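Have a look at these structures, which come just after this line.
The following pair of complexes shares a single chain, chain A, combined with chain B in the former and chain C in the latter.
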Partner chain A sequence: MAVTTDSSVAARLVREPRRTTRSRQRGRRALVGYAFIAPAVVLFLVMGLYTLVYSFGLSFAKWNGFSPSWDWVGLDNYRDLLYADPRLAPEIRGAALNTGIAMVAVSFGTVLIALPLATLLNSITRLRGTLRSIFFLPYVTAGIAVYYAWRYVLEPDGAVNLALRAVGLGSLARPQGFLADPDTALATLIVIMIWGSVPVAMLLYLAGLQAIDPAVIEAAALDGAGAVRRLRHITWPLLVPITVAIVLLGLRDTMQGFQIFLIMTNGGPAGHTDVLGLKAYQQAFFQSLSPTLGVASALGWLIFLAALLLAVVNARLLRGQR
Partner chain B sequence: MIGNRRFLAAVAAVALSLSVAACGGDDESGDGGKSLTMWTFKRTHVEALQQAAAAFKTKSGIDVKIEAFTPDDVFTAKIQSAAQTKDLPDVLELHSGGEDLRVGGGGLLADLKGDFDGKLDRFLAPTRESGRVTQQRKDSVEELSGATVGSLYSVPFTAGTFGIVYANKEKLAKAGLDPAKPPATWEEFLSALKATTTADKEQGGLSLGLKVTQTGFNWVYEQLAFAYLGQQKFEALFGKGTTAGFGSPDGLKTLDLYAQLKPYWIPGVSALGIDEADIAFAQGKSAFNVGGTFTLAFLAQNGMKPENVLAFPIPPATGGAVSDLRLAPLALTGLSVTSTSGNAAAASQWVDFLTSPEGAGIFAKGSLDLPATDLGTQAETLIGPELAALQQFFTGPADSTYDAGNRGFRPPDYDEVEMGNPLLKLAPLGEADAATTGRTLDTVIKAMWDAK
Partner chain C sequence: MRRIVPLLALIVYAAVSLYPFVWMVSGAFKDRLEILEGGHLIPRRPTLDTLADTWSRLHFFDYFLNSLQVTGLTVLGVLVVYSLAGYAFAMIEFPGRRVVFWFFVALLFVPSITVLLPLTILENKLGILGTHAGLILPFVNGTAPLAVLMLTNAFRAIPLDLHDAATADGAGEWRIFWRVYLPLARPTLITIGVLTAVPTWNEYVLTRVSLNDESRYTLPLALERLASGTVPSYNEIMAGSLILVVPVIVLFLALQRYFVNGLSGAVKN
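Right after this comes the complex of A and B.
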């Protein structure tokens, strides 16, 4: 027993330095790991968490961005946005309606165009790569410069009106231009947003289509199913998860994004293209340094709540597809 | 060895992140009053300010760096972020009569009372007190609640007024109109518009930056309504619990007058920003353009020859209370010294130079903008005959003079932006009639009164 004890002690004495070395190496490796993630953690703490906490606090205050102190107002900012302020609340309701219309129209418009486009692209072998690059162009070019280009195209004497008149469709031309006309302003912006979002959706669909086993399609064709039936009863059900993802991404992007509205119409004419994101931006930076950052922040949080709701719906729908 | 390298790489990554975080520190500090920075939100002012800065450097040895941040939302965000990081410049050019007071009340501006109270008589009389904290302003501007009455947060820099119509003389001549004779009445103005739009349907109309919706209200409607109703009834439109508001017979008449412009706006006018509308006029896409005294400088910078422009105030309607409308000048922008400036004395010296007849003269000549400093007899030489001629509309009997700077009769929480959309729906959009517009405007005014 004593011998055994002696030998185990000796063995321990032999093993101990190794273990110490190993644990030191493990600690060092962990330190290296922590050091590598430190920039990301610091960035998140400064740019993410700090900003979130700061803006949440600000949504309960009045502040202009430079005064030494915040004026706490409790839930007033939220109340004003939702119902209490007879000037602000109707504007927010109008903007929410426009946002809702744009969210639904952009998401479903994207699916309606991207799916047939991807199906056609999947059915050809020649020039597929070239055509895919061409269709993807709107995505890589979409941005501020392109929005300005669209504005010129949509002016009263812009290319769209000229083209319509040239092909004998002058009755469809808009004498005030497409962005200054209350009847067409929002619809025009929706079309441009769809134009910008179709490429990614098309690529997602294309990837989904190429993942479908060709044997399944071939079997259906041998059984006499035509192209439309194959699309409806085989391809479409297999693409539903991708469609759900595309629709929800479109809903979220349209709800939170406002650059196109800011650059192309600034909410006009007369509020016909006001959206929630733009209203938040205007409250923050277009009020002649009035203390409206709190209202803007509160509106941002209301938009966040809506986005959160969408994310929950998203998760449930995707889970339902499994 | 590999472990050591990995460890060193990790240390480098941490050091890099810390050094990036450290980049946000103060970048400039005072250097004995020999260098100043000034921010403006007007790009059209930069060159003229640089010319004045060059003259100032010759006299004082102090270098002034001019920086412009546009558009307005960018300038606002710049001030807000600089205030947080204590990176404000030494001197700011701000909108007068609101923005300067808010920024000053927020503690960002130095009180210029000691340096400039004895020098205010160099400015046009109506502009002198634009940057002063008064009891009335203290009561209505939240940020001034802690300010001392009598403090001076800005001195006037540029002056002028809105509601100036610019006409293209060549287009007037082509339409058979006398290019030297401005319309004397609203009706004559409408006739002139009819003539120019008949001569050129697409490019003979009226331009205005209606994308900034309040321009229609501030630059056309108010002057028209003031001239038609007279001062007392005009002020009653904005009254608390008024029965003589925009929906009253008098109010409706003024809205009907404004709506008469509907056939004459250029196509797509409601999608044009202020600059875009001015550029459209400078490019010959409209025969008439509405702006302010400051518009001429922008038109000139965009290739419009001032001698090809006929300028006149919004003409009064026949049968109204005022037949010879005058427009009181107001301070449009002011100069402020920041409270964080490390060179406050030099900054004050620069503001003093810039508002002196010499500095203001250099600025006026370089920018074609009207300084708030009274240039006296040398005005025409410095700013040209066209802009100097506009000054004739500045003086007249008080009851015939529309003063855009007079805010006392409006609700304390008055927001001109909210007056713009209803008027835009009346004209040019034609989505509402005068009665609906009047009711909407009355509701907006009531909400503004109730807000306090």
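Right after this comes the complex of A and C.
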């Protein structure tokens, strides 16, 4: 021991003279840096990393939240969710299907409305600011209040049904209300989600359109390019990356968000609007004393894995464009 | 014609955007009897009683204050914690800087549902489940990716000469941060403040599984309890909804510029 101590002292003696004030300063600056990031890192370790690791562990166990210990079950929770449990697996499959339908429909529906809307908005000067503010309201108010307002107008005797009857489209009206009717519940929620995600998409398209140099379009027009060709060869290529971003954002938000489902239908009628996030939520918080917390965690991790997959696709697509 | 048609199409979509809000206002100005008659947009006997009742008898004023407290402290927390971190990431060399930075950004990919359950278990252990602190801390952490990215970029965009000049004058990092960089990052700070305030004000899921004590309810939760009562009545629900959305609409209209810039910036990142 003494030998090692001696040699390390010696080493330090040798190194000491070479250690410049600059490197000591660098050490002090590093400490200052750590002090600056400390609050953020502590919060991240406790609220972020700890909870993730905890839920990963729990996803391999059965627990009801009250009993003193977890029962380790290996991959059983994942198996139950994917195929093994005769009651749960079909429910999850149904919810996954609904989630998938909503993801695709919301993303493409948003592009389909936001792109023409932004193009039109870019073509006018009068009222542009006012209209943009109005178009933005669904985004800033996204949440329970607006969902209740939608529920109100979608009631059996609500404004939507009455309006349909008034204009002679009574056959489209839903006597049970749009959200209680199995044929229309999911589609109605999708329409409301599109309504809520158009504002940001429109804003992004608008920013993209305004970034196009009008001189380029003029020059193309002088060279004899018609409106269609100008759209195809100049405008559209510039809008492709924005479209990709909007679609991926829509896929991600729809996959992760279940608030609208929770508030407006809670999965009903009879599971027609069940989605994965909602299922995980119910397994986690509304099974009283059954040991479902492990299954809830496993489902949370499956959603997380899907989100990561989407992020990888995202990165690939973005790289492909550059 | 060529001018009118686009404008007309835009006005139609503006009506679509406003549709539920129009009915929200309409419902909030109807009394209990008229709301049951349903159907008509313009109240025949418009009344302020429903709003006044919801505000005072149903304690929406208290819930409003709770919402204000949670949102205000969350915004403050985000600005303090992540402007410090963003400054360090942008300006101070330290080992592990890149790794830690990317950890924060990676948080962006974690769905909130994945951490919702362990979060409540953890808060229960810490004894903060059901308190406002139990909402604020995870809300602050949830904003980390966006805030760290935007603030690091904002501090990086400030010319280094300023830092060098201040150092030459003998100022330490803290003084440079507080006196020089923070004031210059003001637009970004406001943007992040707004982008944090709006979703925090509207937050419902974590709030619902956390809060039990009615005196701590925020507006979204109060609204939900109002609607799940035995005889929910839509005029009161719409009045409550209106109380909830008006502040964010006002905030948005006042700070629209920051909002719009911030959103485009956030998505580009």
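In this section, the second predicted complex is superposed on the first by the 279 of 322 C-alpha atoms of A that agree within 3 Å, B and C clash if a C-alpha of one lies under 4 Å from a C-alpha of the other, contacts with A are read in each partner's own complex, and residues count from 1 in each chain.
The rule we apply is simple: contacts are C-beta pairs under 8 Å (C-beta built on N, C-alpha and C of every residue); 3 or more make two chains touch, one makes a residue touch a chain.
Everything numeric here is computed off the predicted structure, so don't read it as measured data.
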- Message: So in the superposed three-chain picture, is A:Gly196 touching just chain B, just chain C, both, or none of them (first/second/both/neither)?
- Response: neither
- Query: When the two structures are overlaid on chain A, which partner does A:Gly271 contact: first (chain B), second (chain C), both, or neither?
  - Reply: first
- Task: Using the superposition described at the top, determine whether chain B or chain C touches more residues of chain A.
- Result: C
- Which holds for A:Val32: it touches chain B only (first), chain C only (second), both, or neither? both
- If you stack the two complexes on chain A, which partner ends up touching A:Phe285: first (chain B), second (chain C), both, or neither? both
- So, does A:Gly294 touch the first partner chain B, the second partner chain C, both, or neither? neither
- Task: Using the superposition on chain A described above, determine whether A:Ile124 touches chain B (first), chain C (second), both, or neither.
- Result: second
- Query: Touching A:Gly65, do we find chain B (first), chain C (second), both, or neither?
  - Reply: both
- Where does A:Gly250 make contact in the superposed view: on chain B (first), on chain C (second), on both, or on neither? neither
- Taking the superposition as given, does A:Gly109 touch the first partner, chain B, the second, chain C, both, or neither? neither
- Touching chain B and also chain C: which chain A residues? 29, 31-32, 36, 39, 43, 46, 65, 155, 157, 281, 285, 293
- Counting only contacts in the complex, chain A reaches chain B at residues 25, 28-29, 31-32, 35-36, 38-39, 42-43, 46, 62, 64-68, 71, 85-87, 151, 155-157, 175-177, 179-180, 182, 265-266, 268-271, 281, 285-286, 288-291, 293
- Message: Considering only the defined contacts, which chain A positions touch chain C in the complex?
- Response: 26, 29-34, 36-37, 39-41, 43-44, 46-48, 50-52, 54-55, 58, 65, 113, 116-117, 120-121, 123-124, 126-127, 131, 133-138, 140-146, 148-150, 152-153, 155, 157-159, 162, 195, 199-200, 203-204, 207, 245, 249, 255-256, 258-259, 262-263, 277, 280-281, 284-285, 293, 296-297, 300-301, 303-304, 307-308, 311
- Note which residues of chain C are touching chain A in the complex, please. 3, 6-7, 9-11, 13-14, 16-21, 23-24, 27, 38-39, 41, 80-82, 84-85, 87-89, 92-95, 97, 100, 103-104, 107, 109-119, 121-122, 137-138, 140-141, 144, 148, 172-174, 177, 198-199, 201-205, 209, 220, 223-224, 227, 234, 237-238, 240-242, 244-245, 248-249, 251-253, 256, 259-260, 263-264, 267
- Message: For the complex, give me every residue of chain B touching chain A.
- Response: 3, 6-7, 9-11, 13-14, 16-17, 21, 72-73, 76-77, 79-81, 83-84, 95, 98-99, 102-103, 105-108, 142-143, 202, 210-211, 213, 267-273, 415, 417-418, 421, 424-425, 429, 431, 443-444, 447-448, 450-451
